[in-house]
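Every chain is named by a letter (A, B, C and D) in the order it is written, and numbering of its residues begins at 1.
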Amino acid sequence: MSIRIGLFGAGRIGRTHAKAVSTIPGAELVAVYDPDPQATSFLVNRYGTEAASETDQLLANPSIDAVLICTPTDSHAALVEAAAHAGKAILCEKPIDLDLGRARACLQVVAERGATMAIGFQRRFDRHFRALKQRIEAGEIGDPELVQITSRDPGPPPQDYVLRSGGLFRDMMIHDFDMARFILGKEFVRVAAAGSVLVQSRIGEAGDVDTASATLATADERLCVITNSRRATYGYDQRVEVHGSKGMIAVGNPHPTAVTLADASGFRADRLVDPFMERYADAYRAEIEAFCDSVSAGKPPSPDGNDGLQALLLADAAARSLREGQSVAVEGNVR
Amino acid sequence: MSIRIGLFGAGRIGRTHAKAVSTIPGAELVAVYDPDPQATSFLVNRYGTEAASETDQLLANPSIDAVLICTPTDSHAALVEAAAHAGKAILCEKPIDLDLGRARACLQVVAERGATMAIGFQRRFDRHFRALKQRIEAGEIGDPELVQITSRDPGPPPQDYVLRSGGLFRDMMIHDFDMARFILGKEFVRVAAAGSVLVQSRIGEAGDVDTASATLATADERLCVITNSRRATYGYDQRVEVHGSKGMIAVGNPHPTAVTLADASGFRADRLVDPFMERYADAYRAEIEAFCDSVSAGKPPSPDGNDGLQALLLADAAARSLREGQSVAVEGNVR
Amino acid sequence: MSIRIGLFGAGRIGRTHAKAVSTIPGAELVAVYDPDPQATSFLVNRYGTEAASETDQLLANPSIDAVLICTPTDSHAALVEAAAHAGKAILCEKPIDLDLGRARACLQVVAERGATMAIGFQRRFDRHFRALKQRIEAGEIGDPELVQITSRDPGPPPQDYVLRSGGLFRDMMIHDFDMARFILGKEFVRVAAAGSVLVQSRIGEAGDVDTASATLATADERLCVITNSRRATYGYDQRVEVHGSKGMIAVGNPHPTAVTLADASGFRADRLVDPFMERYADAYRAEIEAFCDSVSAGKPPSPDGNDGLQALLLADAAARSLREGQSVAVEGNVR
Amino acid sequence: MSIRIGLFGAGRIGRTHAKAVSTIPGAELVAVYDPDPQATSFLVNRYGTEAASETDQLLANPSIDAVLICTPTDSHAALVEAAAHAGKAILCEKPIDLDLGRARACLQVVAERGATMAIGFQRRFDRHFRALKQRIEAGEIGDPELVQITSRDPGPPPQDYVLRSGGLFRDMMIHDFDMARFILGKEFVRVAAAGSVLVQSRIGEAGDVDTASATLATADERLCVITNSRRATYGYDQRVEVHGSKGMIAVGNPHPTAVTLADASGFRADRLVDPFMERYADAYRAEIEAFCDSVSAGKPPSPDGNDGLQALLLADAAARSLREGQSVAVEGNVR
């Protein structure tokens, strides 16, 4: 039996998800809602899905099992709650909300309704990072001690996105916070962050930073060091290395082709895949597939709402650390 | 308008093609014929296609635009001819026939009927080799002088396959001959081959070799050196390097993941992708897509029947060179 | 004319320097002093040098142009001062002294006497890091923004060394602080450090850490992130990557051989060179050569005493940051 | 006790050897002979060695234990014979003579006089190739089956060198023939060669080729495929890969530095080391050291005169194969 899916949001991520659904045998896109009729009709035409006239109409459709929430951040929490009330399984893009209290209230509703809720940290489904996680769990590097994560975007987002994003820590580094938690399987209790405006002064004018680092520690003193930048001329840079008592495991950047060219100027390999939707195309597909499997099997999905909340807690702590110029405790995690 | 496709042969390659067709918006698998009812019903169930009761029934279906020929080699030529007579576009797996005369006669029929015919050298559609070709054409290495190709299968095929295969040169190295022609865009006029039985003595008992090399020369003295083996413990090995007047360009083996593990024993990367259907999954899909595009646009496909014939000529020359212990001229190419 | 050299300390580093001197045409080792007669006679026998009976005897030798100070840290400052008074050029191993005040007083003497003084940060002379520096200066990555340094020792030092070392930041990370200053050509004004005891509990019992990170910022907000560990099963790990406005430049770990082995378990490269004297053998030689060139030409050496002091300032700041759990200003650098 | 060495030939290789001797504790350069007084006095001044007025004077010096023969090829055989008569140990650059009969006669004299004679195939002493050999002998790839060697010079030699060189097979590929014998520890019985003039037409006018391949087979059917070119814009290219029953081992090209630069044009690594004296500087030194050790210990050196002869036999067979357009038996090796 196929999982019947409704989609909120027909933008960049919504289209990526719609495409992924179309290639999964056990899933079917039955309705889409987006206030922009042009975006909606693109998906209607391409995948033969139905256009919902409003949110409630989509949620009222009893044949829909699950919804994908790909709308702007400020509508996430309300849609999650409405979907939970309507008895739908939910896959919500990160973050749940920029405000921690709002996010918590939303998860409370999800818990009360017993709704199935997954959060869209697609990197966990990337085959490279998944292999890293599995091999750490298999004990190949012994006990993990230090995680180093480098994430760099090819270029800064538009200013209106910057203004609405909640800042680099909540918008970009949140993925790395989730990755660090995923890898170690532990919570962090302290965060110290640094940040600079080096790429574009307009980002600083928006009160944000474009280059940043964060150092995190667990209760048992495992460390994680993350660096982020909104600039990478060589393409979308996403690397992780984990050091353990027996060795080191690293995920490097996959190159688009295995071609090397050598001439009088040296040896050259490809620029990296860019943008992130292409880098993570397979991961997005695997994410939807895992979500559908959870829904089919009636099993709790992973990552779930709490994973979304924990990453947000770390992002908030990092932002606070940057403001205060000192290392800060992560709210609720001082065990 | 969609290209409506009929499939002959529901074995390994047939299934790979059927899957590829299912992901191409402009293509539709409408009928399949295989004498094995189990193989047939697998595809019928999976893709909702129709089972033809015999070859002629499939070819008589006027709604079918094109056929994919994935049957055992000895049926290729007859099916190509029948399809040409039926007015279908044809994508035929290599080789057209193990016998050069039979292959030529078949292509004669194709030519007389003005049929569209592509040959299944999927490596030309692999993104790595395609990038290599494009960059050579863009002049990045200047004038190409020397091509080096390494192809190694993870393990030898079953003995019945060995016996029917026409030998390593016609079965395995034929892909490398096509790659060499593809890269240089020229014909070879001389071939010298060497071969040994080092992997399994049963292969020698079948009159074949399992380890071989061939050196080819064009009329303007460009060289190509190919090595093949039926053994590669580290996975399916497929490499090309091309030296030109300005530099070198090489395609290495893509690894399944970008993971490196370092410990007291050193640094380790993944074993290679294996088997070839997985290594070339994207290439098979791109091959079908290009074929459908040719059919839609009414344009001649590439590689075509003559490419199949030329590769066979080189394979025949290599086999003859090995028998005679000397370099041999390629029939018809002494220009 | 050859530079005539006296050596204080015939231990591990002293022997490395003595060997380097023996291969430099313009340098000659004429005397060595070490309280341990066995260590002294090893060098006397190997290089035909003279054994000084005490420090003063060596310094009183008018034929000696320059001295290399390779004794335990707590004797560095006094020897530097004595050598400065004796009119010798000085190459002193890092650090000048664990106590900042003592180091400053020592440099004051050096300045008053107008002595030539170099400090032993050999990594600046490694051909890999030198190439990185030159290419950054040539503008290949534009304006540098973020430096990431990973240094990991193969294993922890003996406990008596740990106790005398001044702690990981003054003993180990001090090299990375110097590298960061060398790369950016700027001073850092703030440091935030983190540290853990994950390798051996005895290191924690000594009041030190074995795993650490530091984040540094310049007055113009350039960032540097350093990680250190006393454990690396795969050999001595020394990497730097620098991100700039136009691109990234990185120094990876050179492997002892260019050998790759591929088998059913994947692809394997060598463990890294270990110990550091072997990794940096060429750098130590180049360091001595540059020092001799400075002495010959009467030109100020680089890195010099102030470089030693600045690195120590950063190490002190890092240790303080770790104690206080907050980012700290670097003494004297708040510009 | 030190080995006292006389040097014939103060050209490029002679100077390389003189420098190597100067860094070996157990060796001393005591005399040099070269008809060119300028070349001679360079070495006399640099290493404080004595200038012999003629060949016989050097050989008559009873304090000399061993001679290095680095003169033009046509004088090798006579010098070897004279040195053997004078009771000196001999390290002769390859080849012994371009004429096989002359080389054999020379080795006959060496054998009759019981002289110690080594031949200068320095690649056997390169640490990368030595590691490859050791690991094959340790069984890491099982039974070797196929050797692939790529050697490419950065550019063609001057025309007078081409004319005197004996041709690409005797001058350049002879090193690869020796490498193949070294790796497999077996003799080859058949050779098939191909060759082209693609780099410079003047090379063809001299009756030589500048691009070539050779395929060799042992009596037990192990294969070796070699490619050579007089052109490599990316530097001196020297690679070997060996396939065995259990796996593959390869030596890639070491890059001068471990630096990678990434920018909008992709990822770049250094051009290769060039020229060969720099690529093999350590190997030349290790070669001299091993030769001195043999002389000291009174043990037969390796590679020896017969290794020189066998490589020449293969070069002759390759040249003959190219002329005749067929695979040829190697003289004396049809076992």
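Keep this in mind: contacts are C-beta pairs under 8 Å (C-beta built on N, C-alpha and C of every residue); 3 or more make two chains touch, one makes a residue touch a chain.
Given the structure is predicted, the values throughout are model-derived calculations rather than measurements.
Common neighbours of chain C and chain D under the contact definition above: A, B.
By number of C-beta pairs in contact, B-D leads over the other of B-C and B-D.
Centre to centre, using the average C-alpha position, chain B and chain D are separated by 42 Å. Between chain B and chain C, the centres computed from C-alpha atoms are 58 Å apart. Residue positions of chain A touching 2 or more other chains: 233-234, 246-248, 262-264.
Taken together, the chain C residues at the contact with chain B in this complex read 233-234, 255, 262-271. Within the complex formed with chain C, the chain A residues making contact are 145-146, 148, 150, 152, 190, 192, 194, 196-199, 211, 213, 215, 217, 221-223, 225, 227, 229, 231-234, 237, 243, 245-248, 325-327.
Contact residues on chain B toward chain A in their complex (touch as defined above): 23, 127-128, 131-132, 135, 140-141, 246-254, 256-264.
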